[in-house]
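Each in structure tokens, the structures are laid out below.
What follows is subunit A paired twice: with subunit B in the first complex and subunit C in the second.
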Partner chain A sequence: MFQQASFNSFEFIFLFLPCVLIGFYLLKKSSNSNYSHYWLIICSLLFYSWGNLSNLPILLSSLVFNYTIAQFIGPIDTQSSLRPRNLSRKFFLILGIVLNVLFLSYYKYFSYLPLGISFFTIMQIMYLVDCYEGMLKPNTLREHALVVSFFPTVTMGPILRVKNVLTQFRETANKGISLEQLAPSIALFSIGLFKKVVIADSFAIIANIGYGSPSTLSMIEGWVTSLSYTLQIYFDFSGYSDMAIAIAMALGIKIPINFNSPYKSKSVVEFWQRWHISLTNFITTYLYTPIVRSFAKLNFHKAMLATLITMLIVGIWHGSSWGFLIFGALHGLGMVINHYWQKKIKIKLPNFLAWALTFTYVNVAFIFFRAESIPDATAVLFSLINFESIMSLATFKDVLILSPQTLPIIFSIMMGLIAISSGKNSNQIIEKFQFSTKELVLASFLVVISLIYLNSNVSTGFIYYAF
Partner chain B sequence: MLFKKPIYWCYAFIITTVLLLSSIVASNYYLDFYGIYGDSKGRELRIYTNDRLSKYLLSLNYIPSNFDGLLIGASVTESYDLTKVDNFRVYNVSFAAANATEQKIIADNVFSVAPMKIVIFSMDPYLTSRHGTLTNSMLPREKWRALFSTQALITQAVALIYSLFGKWSTTDAWGKKRLAIDSNPENQWPNLNFSVYLRINEDAFDEYENLIKTARLQGARVIGLNPPMYSKKYQVGKDLYDSYTRRASSIFMPNEQIIDFMASKYDTYNNNSLYFTDGYHLSSVGIEFFSSELVKAINESN
Partner chain C sequence: MSNILDELQPIFQDIFEDDELSITAESNADTVEDWDSLAHITLIFAIEQEFEIKFALGELEAMKNVGDMVELMQIKLSK
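Our next item is the complex of A and B:
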């Protein structure tokens, strides 16, 4: 039934999700709160393995391995009974991290890519470090499985700190579910679904045509192509994150936001504070900080070197192609220039200029992220300054010409541009959510339009399923 | 208005959404633009947008319920008017960029409901130059998508415009495509790469041949149609084109009629650029002439 576990499918929306929620709410009312946790674990594993059962042993082995290693690392103040006396906690931490990195690298670069492996591996590395630092005691296997396999986040994040989620599961274990959260979660899910199936998938049609023929693009087509992908990836990923946050909210779990209007940023540094926030938090705490600490005497240049190295690793985390490496390098370079500008040049750019420069730079970096190869990326890049062919629409002639068939795409693009340019993002909308008719009509409208698009030919998978 | 309890908001959301969805589904079911959900006998269904998908959907019920003949082809035959064929009601299932795979899907749908008495096969090389469907829109799920999709909404909107202003229907009830342009000056015609146009995909050719056999097996009168081409264009790739035509003709049985618009008796018309919009597709004058010639040839052999 499921092609692959995905929020943007009829099976998920009308079958899986209602069953999970109803089962969870009913079991919450039972005397033993563990039942609702077991129910979530079963549903999460079902979600993860649906469409590709071969993924399941990979998740389970990672889960059991990290659970076991955490027992060896154990709490700071007690001697773990499992840990051999001659081996230190640090040894098991390093062993755990190295094996997790090897595990991830093997599947990412030498084998097929199991769904969500980048996300649940990072999450568990964070968990091992947190155990080592004494920030939490090792989980029971039930708790570990509950958090790591948690279906709203297992495939594409946001990357969670086990401690934060587990605390909430423990705190709410013996409480009934609050239906107050159900209404805003429905509204947020509607927004996320609309972002993905209506906006992102329509931008994808244009981006795919442009990136499919990079050598024939005129200047206007080059800009339309690159901007389409820049907007596609935002609406795709933030749409997914909205849906993940919404589902978790309906289950009584608050997970942190992953996007905060990143394209309003006025510097590359600010961009990363607003884009894929959970990844930024991970790389700041678990990559950048240890690299900086490893320098004997820290100065500005060494900090910048750490920034570059960190962003290169972020690039490689996305995949083994040169395009991802250049994407990471460009962002690292952008951050270094930002810091250098602030510290040495100290001239404050006008807000609009700062925004335009940042957005253009981010747009250019995404060309390397999206293009199939470096020559393709170079072709799209040069098309942005193709003064020999400025206004030709030859490559896009079938899509951009006004006809009844292109109306859904035009509608979606207009919606996307309105969403980008309007003041509020989905987080801000939900913060001020009211149980009013206006919100009701809007949410219903978004769901109905999304379902219409979902039932049409334009629906595609999520971009970050490939990472 | 604020809801007294959060759960009331949720109930109202479910009710509103279901009502909205149901109204869209019900309206498409009632209007039934493709004649799929009820008896479509006697209806006259035009196509408002997306010929490929629409002709696929019409082939499920409307065409076999109302017609006993088909014209199989691609864009060069999509505007042929077959309303005056004696004794048969021939639906033109040709559409732009069609190939043998797609035409076979449509024909098989029609044959599975009712046998056709006459099937005219365009011998346009384009039909066999590519194999497989161009889009993923010719699948059984489209029957249910027609109740609830962007395509269904666009069709409703365009149908409304048509009923108000009489514009934007792309085909008539017989599948005849409205011409996008009446004529086009010769100096603006595109140059066709014959080697691409005449490249035969063997799978597509097999499918074309199988389709003819299927039509023959279920008792249809099979007719070949070699469409006209502007003589200057023909001369550029004469050898390749003739070779293709010979191979395509060999599929037909000796007793089966082949109407050849490249025959010398049509030279006067094929030498006249006013009959074409690009050398291959016919202008309104060309359509009028060659449609009547096609009808005449069929009627004479009836």
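Our next item is the complex of A and C:
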């Protein structure tokens, strides 16, 4: 089993990160601020190739291709000498988008999936559209490589806006960093690490048992299985996003949050405003809006159709299986019902009911996301209402004994449940962060526990690596 | 600035079906009820038609509140 570029390893945390940071800030002090960029590019490409060198040509070709297309598109107000007289800027935009989509589709549906391809392809499609619309001038190769290969986000997002990140690199060209500024970054990183390595990976063990034998699940087991995965994927992906944001913060770059307590949502529409926010923003602005614009006269029903199409695409963006398509369809349907209710029925549900309905619906949709096959998914789904076998816990008998193996899992599940009920998410915690002894002790505790778990056989790879 | 804001009021009131609605520069999806992506896109279309301007996709995402919207509109209308 090969290693993969990831944040949750000892080498990354104690070797790679400190080297990158030290090199970055030392080079910033030199005469040419571009040296720090080249350093970051080299480190990012090294990180990306770690354990799997064959991925690198794919990232590099995508990077160079999009850089080149953008040069052909050229700035909006001048005539690019590269463009042949009869080929317009729009031609190169369409060409760029089509080839990016084909590139992504080929790997996603017909071949293995190179790390991060779904994310850096989308980011560059946004970039091409922004170039075409004149939102920014085409990048130099250095600038383009800097943002696209940016190691905190290259593997799993958040999906960045190229212009925004480059502006920040320019604005912070001469800025160093103090311990006070580094502290919230370290704190956020430790929270993210804990969420992933301790909480998510422990819920994973429960979920894997359940999804490994879907036909034997009693009602309680069905709920435990599905809820475990629902919680696993949240802590996994949001934990990763926390770490990505934290590392970028340490480099002086602010990237937008990707999660905002999604399981507090009281509607499916709200859920997508709180879950994988960078993807939702891309989908809404660059997919939903153009689809809606293409309809001659917009009315409610056409907007609903656009919503459905958009969410189906979100589903299959995750992969080619029927499960992902159904996941997308369910969420599309949920949003349509949501809009319909708000617009036509207009009865406002009590908060608790709205929350319960939404959360249950989201939980059910994730069953199709996770299950190994459609029959498995329906088996888990029906176990939720399995009145023939309600209380049996036979499927989980191996985990229900107190042993050195199960104790860490039980501990982390408890931690997970405490984390959920505490009400504040990681962003809210960091906003109020103070460089005090109490905070540092807490952060150290999280890191130490995480490292112990990391060293054990609990820890696994990130879920969204598969996308 | 306030001129455009005044002209926007009836459009907002129509889209959100609320004659009492009064928007300010700070109004956005967080402060106005039922302002979701559907309302947003309907709003954009109505504004584009009424004022005969076109928003770039990248500009749509950058608008954080009505104030941003009005600023952008001023630039487009002055061209």
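Heads up, the rule we're going with is that the second predicted complex is superposed on the first by the 457 of 467 C-alpha atoms of A that agree within 3 Å, B and C clash if a C-alpha of one lies under 4 Å from a C-alpha of the other, contacts with A are read in each partner's own complex, and residues count from 1 in each chain.
The criterion applied here is as follows: a residue touches a chain if its C-beta (ideal position, glycine included) is under 8 Å from a C-beta of that chain, and two chains touch if they have at least 3 such contacts.
Just so you know, these numbers come straight off a predicted model, no measurement behind them.
With subunit A as the common reference, subunit B sits beside subunit C without any clash.
By the touch criterion defined above, A:I186 reaches subunit B but does not reach subunit C. In the superposition on chain A, contact of A:Y107 is made with neither subunit B nor subunit C.
When the shared chain is aligned, no partner comes close enough to touch A:F10: not subunit B, not subunit C. With both structures placed on the common chain, the touch criterion links A:L440 to subunit B but leaves subunit C unconnected. When both complexes are overlaid on chain A, the residue A:V448 reaches subunit B alone and has no touch with subunit C.
In the superposition on chain A, A:A303 makes contact with subunit C only, while subunit B stays out of contact range. Once both structures are fitted onto chain A, a short way to say it is that subunit B and subunit C open up an angle of 160° at subunit A, using Cα centres and rounding to the nearest 10. When both complexes are overlaid on chain A, the residue A:Y25 reaches neither subunit B nor subunit C. Nearest C-alpha atoms belonging to subunit B and subunit C sit 32 Å apart in the superposition, given in whole angstrom. Only residues 126, 129-130, 133-135, 161, 163, 269, 281, 284-286, 288-290, 292-293, 298, 300, 303, 307, 339, 342 of subunit A touch subunit C when the two sit together in their complex. Residue ranges of subunit C in contact with subunit A, taken from their complex: 34, 36-38, 41-42, 44-45, 56-61. Against subunit B, the residues of subunit A that register as touching in their complex are 179-180, 182-183, 186, 403-405, 407-408, 434-437, 439-441, 443-445, 447-448, 451-453, 455-458. For subunit B in complex with subunit A, the residues that touch the partner chain are 1-3, 5-10, 12-13, 16-17, 20-21, 24, 48-50, 135-137, 145, 148-151, 153-154, 157-158, 168.
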